[in-house]
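Each structure below is given as structure tokens.
Below, chain A partners chain B and then partners chain C, in two separate complexes.
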Partner chain A sequence: MTEQALLSVRDLHTWYELRKWGFFRTGHVRALDGVTFDLRRGDAITIVGESGSGKTTLAKTLLGLVPPTKGEMVFAGERLDGKKKGKALAWLRANVGFVQQDPYGALPPFMTVERILSEPLAVHGVPRREQEARARAVMDEVRLTPQDDFVHKYPHMLSGGQQQRLVIARAIVLEPKLVVADEPVSMLDASVRVEILQLLRRIQKSHDLGVMYITHDLSTVRYFSEYVFVMYAAKIVERAPVHELIRHPLHPYTQALLTAISDPDPENAHIQKEVPPGEPPSLAHPPSGCRFHPRCKHRIAELCSTTEPTTFEPAPGHRVECWLYRQGGEG
Partner chain B sequence: MGTTDRLLRVEDLKLHFRTWRGPVQAVDGVSFALDRGPATVVVGESGCGKSTLARAILRLLPRNVSAYTGNVWLNGTNIMTLNEERFRRQVRWVKMALVSQAAMNSLNPVIRVGDQVSEPLRVHGVSTNKKEALRQAEEVFRLVGVSADFLERFPFELSGGMRQRAVLAMALITHPDLVFLDEPTSALDVLTQTSIMNVLKGIKRDLGVTFVLITHDIATSSELADRAAVMYAGQLVEFSSAHHFFREPLHPYSQKLMASVPTLREDKKLEFIPGRPPSLLDPPTGCRFADRCSSRFGKCVEEPPFRDVGEDWWVKCWLHV
Partner chain C sequence: MNTLLRNLRELRRYPSAILGLTIIGLLIVLSIYAVIAIPYSEAIRLWRGGPGVWDELPRNASPAWFDLFTGKSLSRTIVVDSRTEGTRTREPLGDGNVRERLILALDFRYDTFPTEMSLFSTATYETKRSKLTATWVKPDGTRVALASGRSIRSSDTYYISLDNQLRDRLPQMAAPEVALFGEFGASSPKGEWKTQPGTYELVLEADMPEAYTLESKLVVYGSVYGIAGTDNQRRDITVALLWGAPLALLFGLLAALGANTATFVLAGIGTWFGGFMDSAFQRLTQLTLLLPLLPILIMVGQLYGRSIWLILAVVILLNVFSGAYLTYRAMFLQAKEAPYIEAARAYGARHRRMIFRYLLPRIVPVLLPTFVLVVPQFVFLEASLAVLGLGDPILPTWGKLIYDARAADALYKGYYYWVLEPAILLMVTGFGFALVGFALDRIFNPRLRTM
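Right, the complex of A and B next:
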């Protein structure tokens, strides 16, 4: 574990129990299956992966919303074990802001903007006089201005972009050290997406926040963070600085993902793109060996289907879990 | 607008909805024409009337319509003048089909996929023989890249990508000339999106089906686009070749829209469009984009005409008349 890490995650597993008739255990969904990484204060990292790869599970495990099955999480020097209660949980909630996947579901429909922002302050014992000032200050930061136009509105009176800005305001109102943003822009128009991502970025820089940006859309990544982690089937399969990852993707899955992404170019209509066959595996019965091997055109006979790849670091700071890079030595 | 031998010609189409706050002018005077073959993408921000435009052309109307006017010619026949019975028997699903925005999640959970996909054949009297219908379902399944065993399955047994292919197959089974696809890939993962776009390209090329792809995902739309229609606040503001739209759009709204699209391979500065589209209850009388437009000038308080600037390139902006 590095000294200055704000968040340090080691071999984290979160398995959901599968039950028949809500009672008999019939197996597990291995939604997170051995994830290790560090996040320093002031860094923005992106976790990118397809639907069902475990991104939200990672966020929820960090926030203490679902218990980890095994592994270790250390945040700001405190061990988190997923069983935190009372004061310790309140401390965690104050220090980790959460922007969840669906802004509509995230906002209580019967509360005004003002109450939505002052509620967390009240819960954490901020005196009433300061609550209003603090709420107005975060509204200014997320550009819900003039504040008087918004304080008495209910969520349904706001546009999608304004709702998402409100969710961000609530996530930073307690001045956390880390913000976990789970698909903060996936439901929004391209233009509003840009606005919200630029806003998050500005707040991240001005408050020296750690941000974990979770997305399935690699094309927005370069505008937001320095570092990318690629998830496939509950594991991080590749990690690298953004530009390095885009220019030299190493994992065959990352390569396929990058090939698939369209830039707005009229030439696209004249080419067929190569897509790996099949679909991501079931996490109740993941394949043996490398989880991508059934779809991989570079798989090495015998090896990839039987033995889980370890981590290789073919270039400094660029790590990949793939046997193709085994000559590079273990990282 | 052009000659009558075009596949589809839409003239001053309007569809307004009655609400307690007044009429919503969801589609308000749209005119354009399509040739057989090239695919058109319809883009624009959420709520600008893209889905309503498709519903207006296919005459799939909700109860609260307050105005529905204009002309639509399909293969030279003005289909607005047909009565509902003839429209249903001769046009909808037979000549023109729609894969609606939520179609893949509205498959009937208790009916086998094969029976659902072949249903349009029976409903529209193209084929009443069940065995023959299933044979045709098998054929379109092959076309969209799904193995025939899936015909026997129920929707919940299919992944999102497979369900989307199934509803596409359902739209194609009657061999329509024109197929509207409303956000067919926006709920899907990138790799699945790409394989569906590959399928659409293949069908366009091999069968000559004319697609109209409605989406707010501009980058992905470039995978199919031969032409592009940009909608803003219930109206078309630009209609051009895909090349012109993606490389050098003329309308300031199209330009701003393009500037907000992230690119993976090129490091461009992203911009967003300040403000929001106007309410369709009471849109501005002049140019509807004027208050968000950095090029506006005195003339913009009047409504600009939708003009052909050459090469079938239409723009609704006072800068281009």
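Right, the complex of A and C next:
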């Protein structure tokens, strides 16, 4: 897996400094605390986790928007350490596309569709004559057609779905190898979510793209990726192929997330769902041992609260960081 | 850009803005007219004045439309020049000499007396032997001898009003311009002078050799002149009122544009890079806010020069880190957090592009009302400096008019028009920009609409 990995992340840490009065350092928020994974070209992975679990920081670190504190990222054979400048950084940025959560906010309100799509090209020195042709080509790919109806429009004249398709078009206009999609559908109407995800999936297949899909909503995962990584409190706690994860969730947190999915079933009105008590922990002062232990109903006394769990692989390709699986089976 | 235009179109919904735009439009038309009708060098020459420039204009004359308020017909200036009118006869005296006789006739039908009379003569001959004789003929045929014993000279100005010898000979020892144009009536117990309407004649006689000629110009100064009146140097105030418009607008617009744009761009740069640059710019702003603008400008005017361009440059410099910096900074801090900024960084846009293509355009619409509102502030600043005697020494501006009027004690002497005309124009200018600025503010800051 490692040899053909498009992106390989090893023990990545991103800590934000906490300061008092602007200069006294009083500690860190550990937004990413030792994340390791590989992503192959042409693969799509999903990162699932609730707000504050570090998903967005992971995206920003990969895009070079936030410098990592520690750890290693290798993208298409190039080591990235967050200190890249000039050409190397430009190369990274041309090769990683970014799709944000809020499509309206992600588009400069004072630029036309054509301008928005030409901007990344202009930044990377694509000649002006070529810009228009390439902008029109990606518009065709994301089904913003006929192009003539759209090129002179401003973002506020488009619907939410069209705006997000424009954001996707902008992310792929430089023909990147990897696209990071940070909650691309969470702010859209339920009616267009599937459409956008299928569009992203189709583009991923046709361009042989690596896609990192970040979401808090497990219900959208099945439309998308091969692999799912579950993040909790700045760490990846479980990783498995999509269907395996949905059918046999191992980590108590994953189980809780799956229970929380709201399916449009009238029966749900009568069922009181079991959700873990409490809130996600503060990342400035994470709990010792397993970070989920204060909320976990299966916690093992003494062990979970003192020692961080290591990785277990109870089924092939299905790895989990939880002491319950220390004998290799269900505990 | 089209949001900007759409918002501007919304101005039509505010009657006050329409009024303001009309005022600004009229000022612009006035400025264009001024620059075309009186070219710059001509305006400078006229305003500098000097001999020969304003000879035919009355001193301290009110505007001609004062007629409407007094109900009387106020005297206008009458110029009779022998080169274009009047009759000339030459009577041979033998031995090659002639007696040249010029008769300058004028029709006077006003209710008030002239304020002054002067006779400007030029002759191609100079002699002390023969004299110029001038005789005034009133409509009733009464003849008064003027100018006893004036030599014929190549260029001669005879100030009839100041001829004290003449005055001694006139009835009641009245001023010449009164006695020559009026009759003393017994309409009141003490008696008073009244103007006598009709045709007057000035008969000039000079003896000289046949080859030579005499030309004379009689100017009877009125008590009113033109649209705006004249000052104590006989200058037509209209010149300064007209030229004041382009100068005021130019100064106001350039200062507002220069200072505002610089503040805006620097706020964008400072906010984008943050850290040391941002702090430095903030400290500079706080420092500038403490600096007293007017005393500094007075100092510059005293020590370095009073050219309008120098003052403009100093005003712009002192306004770069103005209070607006903090307002823009607050807006940029907010705009900097927009997701599209992050997106642009993610596709690799560099600092200059980020600032000028992404950060600044977002705030431009907010810039507009501020810009329009500060224009009159700078117009007033320039006028204030001129009133304090620190205006550009050669340019006719509204502020200079007020300065001159104050120096000549215009208000004390009752020449209200001299002060009021420029003051009203300044007020109207401020009013126009304020109306448009407030309307723009309402359009671009919708929260104000509910207040």
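To be clear about the criterion, the second predicted complex is superposed on the first by the 327 of 331 C-alpha atoms of A that agree within 3 Å, B and C clash if a C-alpha of one lies under 4 Å from a C-alpha of the other, contacts with A are read in each partner's own complex, and residues count from 1 in each chain.
Keep in mind that, in the parts below, contacts are C-beta pairs under 8 Å (C-beta built on N, C-alpha and C of every residue); 3 or more make two chains touch, one makes a residue touch a chain.
If you're wondering where the values come from, they're calculated on a predicted model, not measured in any experiment.
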Chain A as common anchor, with chain B and chain C clashing or fitting: fit
Which superposed partner A:Glu132 touches (first chain B, second chain C, both, neither): neither
Which superposed partner A:Tyr154 touches (first chain B, second chain C, both, neither): second
Touching partner for A:Glu244 - first (chain B), second (chain C), both, neither: neither
First, second, both or neither for A:Glu313, with chain B first and chain C second: neither
Superposition-derived comparison: chain B or chain C, residues of chain A touched: B
Partner chain(s) touched by A:Glu72 [first = chain B, second = chain C, both, neither]: neither
Contacts of A:Asp38 with chain B and chain C, given as first, second, both or neither: neither
Contacts of A:Gln198 with chain B and chain C, given as first, second, both or neither: first
Minimum C-alpha spacing, chains overlaid - chain B and chain C, in Å: 10
Residues of chain A defined as touching chain B within the complex: 50-51, 159-161, 189-195, 198, 216-220, 222-223, 246, 256-258, 260-266, 268-269, 272-273, 275-276, 279
Complex contacts: residues of chain B adjacent to chain A: 39, 45-46, 159-161, 189-195, 197-198, 201-202, 216-226, 241-243, 245-247, 256-258, 260-267, 270-273, 276
Residue ranges of chain C in contact with chain A within the complex: 1-3, 338-340, 342-350, 353, 357-358, 361-362
Contact set on chain A toward chain C in their complex: 63-65, 89-90, 93-94, 96-98, 100-102, 105-110, 119-120, 123-124, 154, 167, 170, 174
